[in-house]
Structures are given as C-alpha cells and as structure tokens.
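Two complexes, one shared chain (subunit A), two partners (subunit B, subunit C).
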Partner chain A sequence: MRFDDYKSGAILVAKVLDGRIAADVAPRFKEALIEYVAQGNRAIVLDLSDVTFIDSSGLGALIASLKVIGPDGELVLSGAQETVMSMFKLTRMNKVFRMFSDVDSAITALS
Partner chain B sequence: MKILLVDDDPVARSIHSALLRLHGHEVVEAADGEAAWQMMQAGQISFVVSDWMMPNLAGVDLCRRIRAAAFEHYVYVILCTAKGEKSDLIEGMDAGADDFLVKPIGAEELRVKVRAGERVLSLEHGLADKNRELAGINSRLQSAYALIQEDLKAAAWMQERLLPPAALASHGVRCEGRLQPSGYIAGDIFNFFPLDEEHIGFYLLDVAGHGVPAAMLSVTLSMVLAPDQMEGSPLRRYDYVADTSEAMPPGDVIRELNRRFQAKDDRYFTMVYGLIDTRSQRLRIAQAGHPSPVLLRRDGQREILGTGGMPVGLWPEMEFDCIETFFYQGDRLLLYSDGVTECMNDAGEGFGEARLLQYLDRERGQPMDKMLTGLLAEIGEWHEGKEFNDDISLLTIEMA
Partner chain C sequence: MSQLCLSIDSDLANMSIVAVAVNRICQYAGFDNIGAYQVELCVTEAMTNAILHAYHGERGHTVLVRIEVDSDRMLLEIRDNGTPMPSDQVERLIAGSKQPDPDDADPASIKEGGRGLQIMHDLMDEVGYFREDAANRLLLMKRIRVATSDRTG
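For the complex of A and B:
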C-alpha cells in the first residue's frame, strides 16, 4: 500500500498509488492513515484518483481512520472514480465524507 | 575428518598419510582401487584422496563407481595425477572428481585442498540437516492443514443448514436461494420465513470481509434473526399487556440490529430486510448499504428498489429508511450480494449491474431455481474459472 504525500500548509495530501483497496491491503491502508493522524495531521485530503476498486474491508479501513481522526479533524476524499463513487453512494459514504472532484478544490475548502 | 587414502606406492602412501595425520585427520589406507571400493561399501567414508594409475581399479574408475553408487552422503574425491595434462583433468572431472593434486604432492597443497573439501562437506551436511528439518515441518503442516480443512467443511455444512430449504413456500410466496462462499464458509447469509399469519420476512446480508470472522458474525446474525425466537427478537414488537406481537417495520428491524451490533473491529455489514404483508400485498424493504433489489413485474417491467443506505454497525443511533411498493401475483424479486456485480474477468472488468439486469430480462421466464443456477453459471463463465474472492449470495422470491 503506497502513498505519495505532501503538505500544503497545514493540510496533508495523501495520494493512494495502488489501484485496489481490497481485503488483502486494507489493514496496511488503515495503519498508514492512522500513522498520518498520529504524526499530528488534523486535515487530510485522501486523493483516490488512481483507485479503481474499493471493497468492504477497504471501506471499513476508511471509516476506522475517520473515527481515529476524531471530531476536530478532517479526513476528506478527492478524485473518486465512477465505480468507487457509486459504491460510496450506495453506502451513503458521500454523506459521511466530504467529497471533492480534485485535490485543489479539497485544499481550498479546507483552508 | 576421516580420509581414505588410496595409493599402490607404499612410500607415497606412508608420506601422505603422515602429512594428513599431522593436519589432524584420521586416515585409512588402501593399496588399490578394488580394496578402496570394498572399504567404501563397508563404512562411512566421505573423503577420498586417490592415485590415478593403480592396478585392479584405477583412481578415475573408483571415482566413477563412487558417483554411480550415489551414497546417501556426499563423497569428496581428490585424484592424484602424475601428468596434470588437460585431457586428464577433463576425464577426471567427467568421472566426477572434485579436485586434483599433481605429483609430486606438496605438503601445503595437500593441506589446503583437503581443507577446501572439508568446507564443501560441511556445507553438504548443513543442507542435509536442513532438509530433514524441513521435511518434518512440512509433514506437521500438512496434518494441521488437513485438520483445519475438516473444521471448515463442518462449519460450511452447519452454515448451509441455516439457509431456507429449496422451493420453500409460505402463504403463496415461494423462495429460492443460493449461497456460494468464496472459501468454505461465507460472510453472506439470507433467510425467508413466515413471521405470523399475514407477514413474511426475508433478508440478505453481507458482512464486511470474508473468511471465518465474517462467517461467525453472519451466523450470529442468522441466529438473532431466527423467526421462532420470541423474547427479544428484533423482528417483532411485543405488547406485553395484550400479550400480542406484531411484525416490526423493516427500518426498525435494522435500527435495532444497528443498536445491538456496533462494530468493535471495523466489521460492519450491509443488509436488505423485507416484509411482505400477504393480505394487502404490500412490500416494504429497508436497505442498509446493500445493492438494490431488483423487482421483476409480471408485465415485464423492471424496478430497482432503493438507492442505498448506511451499512449496519458503523454509528449508533441511525435511522434506516423504508421503501414501500406492492408485490403482486407473478412478480419476482431478486436480492443479491456485491460478490455478483464485483466479480472480475481476466481484464479486471466487473460483471456489473447492467449485465445482471440483462440476464434477468432474458431469463425471468424461467422457474426460479433455473434462473439462479443459470445466473451462477454466467458469473462463473465471466470469471473464467478462477477462485472467487468474494462470497456470492442470491435470494429470489415470487408471489404465486
């Protein structure tokens, strides 16, 4: 589970480089996000533009990370592709996570 | 180390023997190749230093015999040649010699070549030990694996028993289901049952992930949702005063499950729970993050019920919406898990909702069991015979 990350001011942008967030990588995915939070990041943009598939374990990992970052943190999603987006809509995750079409609009909204 | 020294010249033999003993080795001697061969067969000899030209059996032929015999342990062979010509060396190596000494043999040369041989033998011993250890471990692993498989098969059998039997019918409503675990046991489960004189309840749920932990939760949920449970069942609301019970609306059932099953380890589940009122033909469905059921109307129309919902177990205090419609004679409803639509072919494309709907439009006239069997076959073809990595479950209900 690989990420490309950089800071834009106080905001951490983490781009998921793997195409699939599925059961086999979900634990490492969750660990990585929790690590970002543990490092003190309170505003995280997760760039999903390269992700073509996410399954129930992947979603579970995302939600766990959201719970870890807590009410005074922000974990938002950007660049979700159509298949991923339709899964988010089916599970109403688009109501739980703020979603943006790209990283820049996410950064603007969080600043 | 014990070394077999073979030389028909007694003087050379005694000099070289002394040198080897000086270097700390134990030496046994043979005066010709045949005698040497007898000693090889009798005892544990792993190191041979042999002259080439000898009566009865030449050193190079002794070497060939040693290699052909394929003793259990490796035998390191040094051949001593007078000429050291390339052709000799090639013939010797072909015969299986590990190294050569050119006569007259120097003491230091003898010492270091024997030492090199010692290293090779010690390497071989190490490998042989490792192999024995690995064989033992492998055998224990095979036994353990066999036990685990037995357990899983037993669990799979138990899980199957929780499913509604084939061709179940109640109050004029018929159902057929299929559960295809990706391993032995599934994180998916479904059921169909009369709840009371008028109502039929049914559900299909999918626990996040798969394998044993998911299956354990799915079985637990199946027990909790057993219709014959009276006290504390989430399916019914009790009026303790009047001592009557009524079927809980689907949204409330899921709300209650959500209250009871808050995920402690990120393990949530998606679900469709439905209630049919057989008198009024009213169909109510609550959908918790699960793929939308497909309603095939008798007149050929097709409806997709709902747009989704929050999965169960993520956050406490959630409300779950209910969709209402009617279920008439000849109508057929299909519930399925995302293992169907997410099933990938070799190119990484999912089977998808569109393909599923196409299939249903084509095969809806078939009896329910044929429709389901055919659908599984089509999914199997799409997946091109590989192992499925998610559970597949199908539940179809028809108003006769």
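For the complex of A and C:
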C-alpha cells in the first residue's frame, strides 16, 4: 500500500494513494495503519479521496486499526467518495467512524 | 442476452481485473455509479470467499465468473471446485441475519470480518448457492432500474 503522509501539528494526515482496498491488499493496509499507531501517532486523519473501491476486508482493516488506536486516540476518515460512502452506510460503519468531507474539516475537528 | 465468462487463477491479486471489468459492464448495461459499485463489491466478496474459503487460499485452482446481461437485469455466477460452503453460511447468504446497529461507543465490540455474505444478501435482488458436480455455484442477480418520470399526475 502506498500512502502520502505529513504532520499538521500533532495530527498525522495519511492519504491512501491506491485506488482499491480489497482482500488482496487489506492485510498490508492494516499493517501500515497499525505501524502509524506504533510510531506514536494518537490523532490520524486517513484521507480516502483517491479510493474508488473498498470491500469488507478493507473495512475490517479499518476497524482493526480503530481498535488498536483505542479510546484515547482518534482515527478519522476524510474525503470518501459517494460509492465508498455507500459501503460505510450499508454496514453502518458511518456511525462508528467520524467521517469528514475533506482533510481540512477533519483537522479542524481534531485540533 | 449477452454473456461473458472470465476465468482466473485462485490468487487474490487476480480479482481486481475481473471486478473492474464487471463495473464497466454494469455501466454499459445501464446501472448508475452506485449500482455498478454494488455489483462490483458483491462479485469481489464472492471471489474472495471462493479463494480464501473454498480453496483455503491456495493458488492453482480456477475461479470462473460468468456474466449475463439482459435488458432489465444482470446475472453473475461465481463458480469454484473447492470446499462446499457450510450450511450456516448458506443460510446467512440467502436469508441474511438481523444484526444490531454497531455500538459506536465501543468499537472494541465490533467484528472485523464476516460481512461479505450479508453484503451480497443486502445488495442483490436475488442470491443463490448450489452445489453441483463437485462445483460451488454462487448466483447473484440485480435488476437494472431505469429512472422514469412520474406520469400519474
């Protein structure tokens, strides 16, 4: 999995550069997110604006990462396209993840 | 009716080319973006199950995806020759399961996996599973809904 990441104060912004998150890459996606947490990041904005497809495995990787960061940390999502958002709504994961229309809104909310 | 068969080796890395082709065929058939995504999602979930569960993640086996396009519906058959789907999984695919809303106060209680069959159940108009001649046949059907203007007034 490829990411483009930078820090905005204490917040890590990680943009997913791969367009598809399915079962073939979900384990590596999960490892990469957990590594961000292991590096000490406690507030993470995951920018999904370039992601065109996510399946249940990708969703599982996100849920696993949310568990790892725990109640004292924040993993929020931004920029989900309409199709990707439909997957979150179908599985009601839009109630579990804080989701923002863009990175700036997410950073403002976490600051 | 138009028909196409795609055959891949049982490697997860092969799924995306089939999924992308299915999405494009859906758009050609008249689905909107969300409908095409939903069909692509379901065929991906079905291929994942065939590779990881029927073939236990082993490469070197065949997964066949047959696509049938009619004027008003799309039918997909995902076929493998691996281990049959357990009866409780078949039940979940056909009947679905009433799952409570995830508790957003406690992410720790949310399961990471096991959503694929429910997604197929929820998004398709009809689903089916048959075990025939040592093959697993999973059928997915979705109607193509064309937006029509309301002429009743």
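Remarks
The rule we apply is simple: the second predicted complex is superposed on the first by the 111 of 111 C-alpha atoms of A that agree within 3 Å, B and C clash if a C-alpha of one lies under 4 Å from a C-alpha of the other, contacts with A are read in each partner's own complex, and residues count from 1 in each chain.
We adopt the following convention: a contact is a pair of C-beta atoms (placed from the backbone, for glycine too) under 8 Å apart; a residue touches a chain by one contact, two chains touch by 3 or more.
Just so it is clear, the model here is predicted, and its values are computed rather than measured.
Per the definitions stated earlier, placing subunit B and subunit C onto a shared subunit A by superposition produces a clash between them.
Of the two partner chains placed around the shared chain by superposition, neither subunit B nor subunit C is touched by A:Phe3. A count of residues in subunit A touched by subunit B and by subunit C gives the higher number to C. In the superposition on chain A, A:Glu82 makes contact with subunit C only, not with subunit B. In the superposition on chain A, subunit A positions 22-23, 53, 55-57, 59-61, 63-64, 83, 90-92, 95-96 are in contact with subunit B in one complex as well as with subunit C in the other. Of all the residues in subunit C, the ones that touch subunit A in their complex are 12-13, 15-16, 19, 33-34, 37-38, 40-41, 44-45, 48, 51-52, 101-102, 104, 107-108, 110-113, 115-116, 119, 122-123.
For subunit A in complex with subunit B, the residues that touch the partner chain are 22-23, 30, 52-53, 55-57, 59-61, 63-64, 83, 89-92, 95-96.
Listing the residues of subunit A that touch subunit C in their complex gives 20, 22-24, 53, 55-57, 59-61, 63-64, 66-67, 71, 82-83, 86-87, 90-93, 95-96.
The residues of subunit B lying in touch with subunit A in their complex are 206, 208-210, 263, 266-268, 270, 289-292, 307-311, 314, 338, 342, 348, 350, 389-390.
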